[in-house]
Amino acid sequence: MNAPQLDMAAIAPLAFAAFGALFVLLGEVWLTRRRTNEHFINAALSVLSISFLGLSVYCAGAAFSDGTTRVFDPANPMLSLDRFAAYSIALIGIASLLICFASISYLPQVGINHGEYYALLLLSTAGMFLLVGATDLMALFLGLELMSIPLYVMAGFDRRNLRSNESAFKYFLVGSFASAILLYGIALVYGVTGSLGFDAIRAGFPPGNPIGIVGLGLLVVGFAFKVASAPFHQWAPDVYEGAPTSVTAYMAITVKVAAFAALLRLLTQAFGPVTASLSDLFWVLAALTIVVGNVMAVIQTNLKRLLAYSSIAHAGYLLIGFATGTVEGYGAVLFYLLVYVFTNLGAFAVLMALAQGGRDCDTLDDLAGLARQRPGLAALLTLFALSLAGIPGTAGFVAKFFVFESAVASGQTVLAIIGVLGSVVSFYYYLRLPVQMYMSEAATETPRRHAATGELLVLAVCAVVVLFLGFFPSHAPGVLGAVRALEWARSSVAMLY
Amino acid sequence: MVESGTATDLLRWIPLLPLLGALVHGVGLGLLRREMARPLVIAISCGAPIAAFAVTCVAFARLLGLPGEQRALVDSVYNWIGSGRVSADLAFSFDALTAVMCLVVTGVGSLIHVYSIGYMDDDHRDDGGFQRFFAYLNLFLCAMLLLVLGDNLLVLFLGWEGVGLCSYLLIGFWYGDRWNAYCGMKAFVVNRIGDFGFLVGIFLLLWSLGDAATLNFAELRAVLPRIAEQTVSVPAWLPGGAEWKLTTLIGLCFFLGACGKSAQIPLYTWLPDAMAGPTPVSALIHAATMVTAGVYMVCRLSFLYETAPGAAATIAWTGGATALFAATMAIAQTDIKKVLAYSTVSQLGYMFVAAGCGAYSAAIFHVGTHAFFKALLFLGSGAVILAMHHEQDTDRMGGLRRWLPVTHAVFLVAVLAIAGFPPFSGFFSKDEVLLSAYAAHQIPGHQALWAIGLVTAAITAFYMWRLHFRTFFGECRADAETQRHIHEPGWTVLGPLVVLAVLSAVGGFFGLPAIWGEKIGLPNALGELLHGVLPQPEHHVSHATEYALAGAAIGAATLGTLVAAWMYVWSPGVPAAIRSATGALSRLVENKYYVDEIYDALIVRPLVAISDRVLFRVVDAGVIDGALVNGTALGVRAFAGNLLKYAQSGLTQGYLVTMVVGTLVIVAWMLR
Amino acid sequence: MSAPAVFFYLFGAAAVVSALAMVLNVRNTVAAAMSLVVTMISLAVVYVTLEAHLVAALQILVYAGAIVVVFLFVVMLLNLRRDTFAPSRQLLTKGAGVVLALGVAGAFLQLVPQALPTVQEIPPDFGSYAAVGRTLYRDFVLPFEVTSFLLLAAIVGAVVLAKRRLD
């Protein structure tokens, strides 16, 4: 009996994140023994997490530029580190890393600076890394659970806050339910194909078999829940609102990237031939999600709820790419995710920089008069809101344009029009942020704190990326000529076929 | 690839200079956290548009030196959105049409920047309001120049959204005032409806062109004949039957965008409210430049509308209807800026009449002359408002020519121009517009359209003279304290006024129609310039008819003037008598036909109701009421007792039920 | 019908009935927990009839043993009285639930027989300790290791949520 030939490089990003969690847990114990300054411990653990995530991102970047596909166990392929996985891992890793940076000052401000935060974040990130690289339904499910379980806890991290508890519990209940549905789908697919590996499913999936179709449907529903697509979106506003802002940012951003990327791989690699039949389903989901997300966002007064509905609407635009079912459409989805990460992260980072004295900045009224007190933050939040709305000159416009254009190119013109209509409506609620900041006076002039270095770094990175991608989505001049974001997204998708 | 012009690096500087100005202001405010020295602010912010004007003049000289009718300069900076089916450069092209627009935008823009120095001088807010104002103004100019210089639809759209955003920022400039914020919001939202049409037009164009999809104007012009004869099915109850030409549909989509930007029926309601912004903003954005962007776009896409007679007729008639409708609304306004706002809407209607009738160069001619005299009117009214200490109501003015002789004189020139008296600029351009309507046989009911234009001309003369008389003639109705302080503004305000007055007076001679030009030996310079770029209508009108039409226009203007003089100078009691005699009708006009209220009742409130009552209460399951208010109480008890009970608050169950039903529906649908 | 088949159906039915008994019994928490034990043991017998002996043993040890004991501890510590859970008030919800459940069950009963592939021959050492060990530590080494991190995450999460110290 031969020992299996394992390629450890394939799990390097996953391993760095997972072992980073162990180091963080041990480090907290070690530091607590020696130091009593909680802020120092918090910062040290954050830096530790950032370094491990940095290693993961570095591995992913190397794998991406390398371009080869590494499979962990070729005899029994479950996880591979290919261009697509590397792109997604880099995206998720950078987002997590930036959130760690912003958390350094945010956690003490709201009084939740416990070391477990970073451990859970790293474990969840490891789950996402597994999810986007999984080429086997078992690995996929484990990745999903490893991503979700820490998230349930993180949502309830602010234990003194009842809303945070409510958020965690709701997320846990609904999330478990969705996991069960997904698991049922996996079981049914296994039932008809006798296999869990993507390649084997692709080879053995019997077309027209009702059990197989039900299984595929349940899988799609499971992912629709994770990305908060209507009609499986209702949990999102409650959960996003209750969770601490940094956790909300993490949930809204990285989970969406991981789930969409995994769904993309699942649809192309495991269900390639039958994916075309899902086009109508995605059409309906996309249209419904765009309408529900945008219309509901209009009446929100809580910023986190507003951003939650906005993220639902964005899930709708992303689903347009799935409705096209073309390489261009999927490429547009990956590019959109890139833009989505930095735009949303920027918006959330502003909110995190405004949290102070144990209180989150989470209502529209909290923004009143911000332009006078913190003009820089107000200008940045305006920029991110405009990008979310899709004003030309920002990355948001380019991303939307590619998605809508791919829909038009594949003949889904009506869906593109629905998308345009949705983004027209979205201007109304995104503009309420600048209105509040620039054209309202604060009721009480409480002095606002200065943004910390970590937050400023995140804001600067996000602002630069949003503007840069707005003007140079596919080519960049001069020394930045190597940045070809759209090409990266497209080539990542192309290798899945 | 279509050869589109001579390459140059010059054009990028035209929008870049104002952008640099805005950036310096923005970064300065952001980093220094306080206002820079005012002379420095002024030097930067006024230097930028003046430099842009100079560059435009250089480019124009170069353009004139090029041979050929479809000559153009092209400056492709880099490939903006590329790799894939559709590729768009960040590229600028400078043909005759762009040249005219650019000269107007930078020229009038520079004058208004200079004027703003004096106008904003008393803004002493502690947060750098003065500098912020100029930052926005420079940013606006940059966006407007992107709009007119854009070589493809995406760059045009970049500018299109940019001017909308700046307009929104500038309307809401005096914050702390919720009404201003509301007005800015309204302008932006109404514009977004138009932008929806614009974007759908772009996507329909891409869809219909298939593999030949492009956004570049020169290429579009070349490939458009491919789809010129295609039809699409539309609901049968629409006019024109169940089959429309594809180009008509696309043209109408773009025209919806133009309606939003250029304030045409049904999307005009934002422009009068936009007067909440500072007066230089009204002059620059809401009179001279941004609102003409719709007209510019229609002219830019003239090759599309030439193949879409249905869309062209819609444009002409929408323009005509707006011209008349807005003019009647201007009659009863007392706010000096509101009168000018409705007058702008009405004049924009004229431009669309010409564009719809295929007389694109007449439309651009009117854009130019209107920019001169309407900017002059707004800036003049700004001088009045300054003198009256931010009083805008003409009910509290009157007799101001005593204190403001220069302002009165330049305002008089502008009134003569807009009312259409020869030889002031407005006469010639309006005459061209009316002639084009009269001669446009392809437009159904073109002679009725001409008649509407004529009636509008009379009404225009009436309300402009009414405004003039009520402001500058008669007894002063302001209180004594205000009267003591009325004085002529400084040279930064008066200088631009005088320049604009000269332009308003002689601007018509740039595009003198042939029948007048032959008499004095002056060619139609504008017409010849635009000849290669814009399609020309084929007139079959004799000189005698042309003279008759011009005579009718002068007659209409004179009639309007005489009625105004009778009512407001000779027998001041008449207006009150008329108002009491016509009761309901005059109230209807005074309240602008209640259109705002109707829109509110028909669109805004149902939308809010659907969002609030239906979706919020049903779909969102009363989260705020249920979970957060009651849920918190429940939560307290849950923590006292146990978590499981908390889960039974019923809400999460509801979510799960929705999920199950959703899953079943999806699965059942997949199995069908 | 062979003896294993008889046991399979007998205990399969017992598992379903006791599961229903657990879910429907909302009054007496301890009785519900005991019903769960019955379900778990029945499932273990079903595994035995399917020749998955190791799984059957683990089922008894882990579920019937450890987990239910923890449940009972929780019930005792929280001292839940009989009337803690009011029965669901809404008849409509209940009715809808029953209809949904019956609908789903019916659909599957109709679909499953016509759609499932034929049973494959299982290898001779299937379910043996050696086979399970090989599968776990060689073929499925990645999921096995990831599961350990999953458990770690769950433990850390439980500690975070249960920690007394709130600072």
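Letters A, B and C mark the chains in the order given here, with residues in each chain numbered from 1 onward.
Just so we're on the same page, contacts are C-beta pairs under 8 Å (C-beta built on N, C-alpha and C of every residue); 3 or more make two chains touch, one makes a residue touch a chain.
Quantities reported herein were computed from a predicted structural model and do not represent experimental measurements.
Peer 1: Quick check for you: compute each chain's CA centroid and the global CA centroid, then name the chain with the smallest gap between them.
Peer 2: A
Peer 1: Please give the pair of chains with the highest number of C-beta contact pairs.
Peer 2: Most contacting pair of chains: A-B.
Peer 1: Roughly how many whole angstrom separate the Cα centroids of subunit B and subunit C?
Peer 2: Their C-alpha centroids are separated by 68 Å.
Peer 1: Whole-Å distance, subunit A centre to subunit C centre, using C-alpha means?
Peer 2: Whole-Å distance between the two chain centres: 32.
Peer 1: Centroid from C-alpha atoms only, then distance subunit A to subunit B, rounded to Å. What do you get?
Peer 2: Computed value for the inter-centroid distance: 40 Å.
Peer 1: Which residue numbers or ranges of subunit B touch two or more of the other chains?
Peer 2: 661
Peer 1: Got the subunit A residues that touch at least 2 other chains?
Peer 2: 210, 214 - these are the residues of subunit A that touch more than one other chain.
Peer 1: Along subunit A, where are the residues that touch subunit C in the complex?
Peer 2: Contacts found on subunit A: 1, 3-4, 6, 11, 18, 21-22, 25, 72-73, 75-76, 78-79, 111, 114, 116, 119-120, 123-124, 126, 130, 138-139, 142-143, 145-146, 149-150, 152-153, 156-157, 159-160, 168, 191-192, 194, 206, 209-212, 214.
Peer 1: For a test of understanding, state which residues of subunit C touch subunit A in their complex under the given definition.
Peer 2: My answer: residues 111-112, 114-117, 120, 134, 138-143, 146-147, 149-150, 152-154, 156-157, 159-161, 166-167.
Peer 1: Contact residues on subunit B for subunit C in the complex?
Peer 2: Listed in rising order, the residues of subunit B that touch subunit C are 642, 645, 648, 653, 657, 660-661, 664.
Peer 1: Within their complex, state which residues of subunit C touch subunit B.
Peer 2: Within the complex, subunit C contacts subunit B at residues 78, 80, 84-85, 93, 96, 100, 103-104.
Peer 1: For a test of understanding, state which residues of subunit B touch subunit A in their complex under the given definition.
Peer 2: Residue positions touching the partner: 26, 29-30, 33, 78-86, 90, 127, 154, 157-158, 161-162, 165, 168-169, 172, 175-178, 180-181, 184-185, 188-189, 192-193, 195-196, 199-200, 203-204, 206-207, 213, 608, 610-612, 615-616, 619-621, 623, 627-628, 631-632, 635-636, 639, 643, 646-647, 651-652, 654-656, 658-659, 661-663, 666-667, 669-671.
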